[in-house]
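What follows is a set of structures to go through.
In the two complexes below, chain A is the common chain; its partner is chain B in one and chain C in the other.
Then we have the complex of A and B:
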């Protein structure tokens, strides 16, 4: 008997399901989006890599450029500088963020939502802005530059402060998540064993959030090593990899060397990305094992301590923002401190004037709309599609890749790829479209993960039921998937909008005189010495992003209350 | 009998190196209610998904209503399905859920709403049409899922553990309701369950599965009264297994008793498992022990199970334990107490033998 069944089990090749029209349509769509990602990501990166092996005439020179790079001390020095900035920023930010996250999750201090909201503000401004505020505070004519005791704000000190401001919310979100998945029963057990508070902290709390801390550290490290805004504004003579790329490309028109530096910058970012992926997986494993949520007990001394701490951090963040607003309104710092709106006459300055602002809004809107459609449809097709295993795998990889690609690197890669006369897509160069494409691509990963998480939370049998009822997949997609995932879809579109408003690095190589952007205008006005108008434009970006966030909040609340009759089921 | 409605032949399903189904062959007839029954992980869901085309088999063929559907995608097959999770669309009302499969068929709007009303009346939910699934009880959700699956009048209804998420009372009630509905609509139905009571009460025929193979196919009575293998005997109901040995043809030896029994397929002198259900074991007063077909035992314990009493008896000679079901009347009549000596009778016609190597 066993022999017979063994034989019949191995006879012939396995059966394959006949494709339905749904299968074919879904494969076509996924292919289209995969091709989009290949064109918007894989090809440009490949072209950039090959450029780094060519001379300016386009001849292949092997590792010649790399040799030249490593034999130019001023360039190599930047590697060290970048790592130094990354390391110091990571230590400071993760510490500050951990204590703040601890205050927000484990204390009973009042005003938690307010402090959390304030801590998220840096996401809404370009990374150029903290640098500008620091110039007003600690620059040569700064308001409180005595506090530096003769040290120079232009350089590592300024960069690190600006990076801490810029990276804080990113670290905070991750650590708050890690702290909130703690299992109350562990704490009860530890307390029952009469462990002291510090002992509990070191034996239960810290091990519980270790993956969160590692993940936060790598995210902060990547952000601060690849950031371009802060070192550009306040770096002075302290060169880092990101500013080197900019200088090689914009200053010296040495594109090949720009490509070489880009390849170097990919290394730390890529490494951090890989480690973060591994750690995230472990964190998810912890998450699924979650049990009883922890309710912090009141403790007067501890709560007041945490309150004071949170106030200090909030003052830091609001202070930076306030100084920028002050800078934007002051007529002529430091000689005429009367207030007015003269700095808002952007049309009188270099940088594209008010048009830049409206271009930014247009670009951010397109990015939000088309980005959300592409990202969500892509995530859906990867999750629910049948067959095409290798292509779905490649798609997943491409969707995760942008996280590891610094904006400047992507922008430079776009120059190489789209500006090539032999590229049929050359017509996109210097258009609004290419700005939108590069921004969507730059922020693809987080959006994709948000969409995937929402899709995974849906009952996987919906599609099976719909197929048994002979309904085409797009009908179920539109009537069930999209409505159920509306909160995630809104999140994605807002995320894309805000980042499109604030990003400099992904677009600084790609804008044209007709498509100047607000964030780039901040950069260019600052470069030209018009720091006050730069601050004014930065604040315009902030108000717009904040307005959109508030709109999002109200919209989400509205949707929540309108759909709460059935949302309960999704939550269960 | 007429040609089978659903015909599965030599179906095998591998997940990588692991064989979840091995050489399954099975026929289901029109209007029949068939249950796949077996322990967790035996491959019931896998078989159901293969029939639906949701997870295609590695080898083997499936034909439905005379048509080979082996490799067809689900949308080109003719079935309705209810999952354990029900998979009701959370953002659509009860009415819209049930109408989901009807609307795009260019049916007239009035026709659709008429059909929906009819279906909801059928599952007794006519007054819940505007509610969302989250606002219904588990049993009501289950019935909406059933109505939705039946809406398009499929030729085959597939149910994957449709009752397992409900509490015992609702379950018992819905069992009867589903069975009644199935009989009324005469829709060919396959239900997956690991609950033998469910299978025994609902099914016309039961397919008992274990480790990816079919152990037995038969009516509930056949499965219960003459289990084809030791696994089935053990899995369905309660069964005593006692070590014994075959004697000459038609005889087996238990303790010092020689019992006349069907020994076909077994050699003489072979060690076997003698199987008998507790309700078939008879206990009597010890003093009656003259009969050659009785063994002597001692009552170890008596367990009151409502309508009857289950006695655990230790056989004096071998020390084997046997369970026997008695009425409370028997207990009084023979004055049975723990430690009482009793005479144990194994009626030959109720005994089944299973060879040890099976």
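Then we have the complex of A and C:
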């Protein structure tokens, strides 16, 4: 932002709404951020697509790689496997999340904030962690493996359980939002017409949240199809597309085939993305300005039923974490169950040792700071900027795109793009910077949407008034926009921090000896068979993310009381 | 490179400046790619630095397949200066691609003739032999009434069904040396027939070569096809393990050293390679490995089976390197589709 200081807002014709230098500065900035997205997203993806049409010598071979792919049965099975995992996970997660969301919004059971917080915990751990816990619970030496009745945890059963754990918070947030916007007048009308409770549920409640459910279903489907951590740890020989990419690239040195599988994986993710966008638009349209918020009535039987259900879900989530912490402390499972910290000697293991933990914190901090600046400035310029219509349209599209790009695919695209000697940005390869860029880009969409939503709540009159007072836009931005949007800005930075700590897929192809990361260390230690240290490192990630989250909670309460008083004033 | 780039132009935009973090201006730094077990890396670097404190080693460590993949991926733009501790078959592959800088280190003559590249000057020199072995968990095998296997063929008996784990040769160097040794010992047809039978008993294939043994150590499987070093280490850590050397003979590969062609730090690289074939280095390898480049120095290693040198097959590395791609593709076609959707 400092570069803008040479621009003065006082020049230009007084008749124009904004000074031309202001316009130029804004255009310059939006161009800069648009170029960032082109370099960090569009170019790498294009290069990867063209790699999928080349042989290992770099010669163009058209669709030959694709033909080879579809003629290799073991690879094609993975498509079915991935779709199967996605479908089953979606059904289970959406059902569980719906009932839990229902309990949290439509019952009068006690302890709602506690249950909601517990249900959000899976966001704070890498998706490898539930897999590790399942091995300790249901593996050959598992603590309660009798419960599987002889079935094998390695494979689809394990993957689905881990994915349900991993995707639950994402579905829950969406469905809670959908259930929260219900219009009490509809329920009053239904009750007045003497409709039974089930009938009200099927004719009022379900239709009211249908878009939320569809949206949740597609988010869960995308997450579980593109996730790499759970199938890697607990998948056994059950191959899915995400692990195939890893195997092709890492195991077989077959980068071109990795690119082909990536293109295949883009299809379901992209499709889910498109459907979700369409549905999201409709959801907004359901909101009526005159809607009356629904207050649930007490119902003893129903409330205690919901309470029991919420407790069961909480035990599942806390149990997974508890088992991991137990595993991390046990000396030599299952033959020596005495406790100690020997599994925390990360320096004796694969994965980069304790350095990788501190690298992760460093990387997550950079991602949070620079990511928030880039994302928020970008959203501001798109929302409030003038002119450059086509570029803003393209920007909006690029900002939504990362949602549909699995992290592994992005990482592979970065290898192709940034490690090419002819690329002037080649010096970024193997640096902390490329990890930060990859992580910011991977989690761009949700951050962008958060920023956009916050900005949309602000009256555009602020800008008009500021312009008529001949204030340069950056002054309005720094003095009005940023303070008003502080909660959103904090949300974005925490979202980026936590995800940077936990992501494996966006960074697993890109780390270097100087920049090993904790999440990748979990993967590598598990790969080498050091599962207890992997659990220990996974829990370190959890404690760090949870600590930051608590800090955020305290901080945002303090800040909100100081900067958000106007919201109350407006509401009144 | 990145540090000077960022460090000098301090006026660079803030968004770029966060690459500046690991600025070290000390001695020469070598980027060394390796597949040596993680727990040994600090020791290797420290021993080397006792003699050469002015050269700092930055390790890049991963499974054999991954390091090989990385090196090949970076062929146009190598990141590594030296490879210290990678399978000779992988180095042969790289030699074929012209990626290695041939160099005859001081002390080359002391090495066993097997432990060097045949060309002159050699493209790589060997450090130690890493040999296949079978880790058997005695607690689990008692529980399931499994007899102690004595040979590879024993492992195909129906009694072991679902009790064996082995590394996937596509990612694991150990997995590949197993497969290539079976093909050499039993012949092309016999080897695949053996693997077809073995596949019936395999519970799962792992990504890394040490994992089957570590899983056997934890009782997650009863039998892990792995390598002797890992078995000895896990046994020393208190796992109820028996390390078996199958009677037909065992596959092996060398951990070897080479200079990456195009390195800008050739002198430091040569210094490291000189040291890697020294007597001191060989004694260090001997702490974990029974068979080393200068075999007359070798002393028995604790928990290591004693008959290893006799059991090692006459491994044809050239053949293995040349046929690597074909073997891996065939293996994948046959066995990687265990993932057929279950009804």
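Of note:
Criterion: the second predicted complex is superposed on the first by the 542 of 572 C-alpha atoms of A that agree within 3 Å, B and C clash if a C-alpha of one lies under 4 Å from a C-alpha of the other, contacts with A are read in each partner's own complex, and residues count from 1 in each chain.
The rule is short, and it goes like this: contacts are C-beta pairs under 8 Å (C-beta built on N, C-alpha and C of every residue); 3 or more make two chains touch, one makes a residue touch a chain.
From a predicted model like this one, the values you see are computed outputs, not experimental measurements.
Of the two partner chains, chain C is the only one that A:334 touches; chain B does not reach it. Shared-chain residue A:470: touches chain B; no touch with chain C. In the superposed pair of complexes, A:424 makes contact with neither chain B nor chain C. Of the two partner chains, chain C is the only one that A:80 touches; chain B does not reach it.
One of chain B and chain C touches more residues of chain A, and that partner is C. Of the two partner chains placed by superposition, only chain C is touched by A:250; chain B is not.
Across the superposed pair, chain B and chain C touch chain A at no common residue. Of all residues in chain A, only 2-3, 72-74, 77-78, 80-81, 84, 135, 139-141, 154, 156, 236-239, 247, 249-253, 255, 332-336, 347-351, 362, 366, 370, 373-374, 415, 419-421, 426-428, 430-433, 436, 512-514, 524, 527-531 touch chain C in the complex they form.
Per the touch definition, chain A reaches chain B in the complex via residues 4-5, 8-9, 11-12, 14-23, 459, 461-462, 464-472, 475, 479-480, 483-484, 563, 565-570, 572.
Those residues of chain B that touch chain A in the shared complex are 10, 12, 14, 19, 22-23, 52-54, 56-60, 70-77, 79-81, 83, 85, 87-92, 100-101, 104, 132-135, 148-149, 151-152, 154, 213. Residues 1-2, 5, 13-16, 18-19, 21-22, 31, 38-39, 42, 58-63, 65-66, 68-69, 72-74, 76-77, 79, 139-140, 168, 170-171, 204-208, 210-215, 217-221, 237-240, 328, 332-333, 336-342 of chain C touch chain A in their complex.
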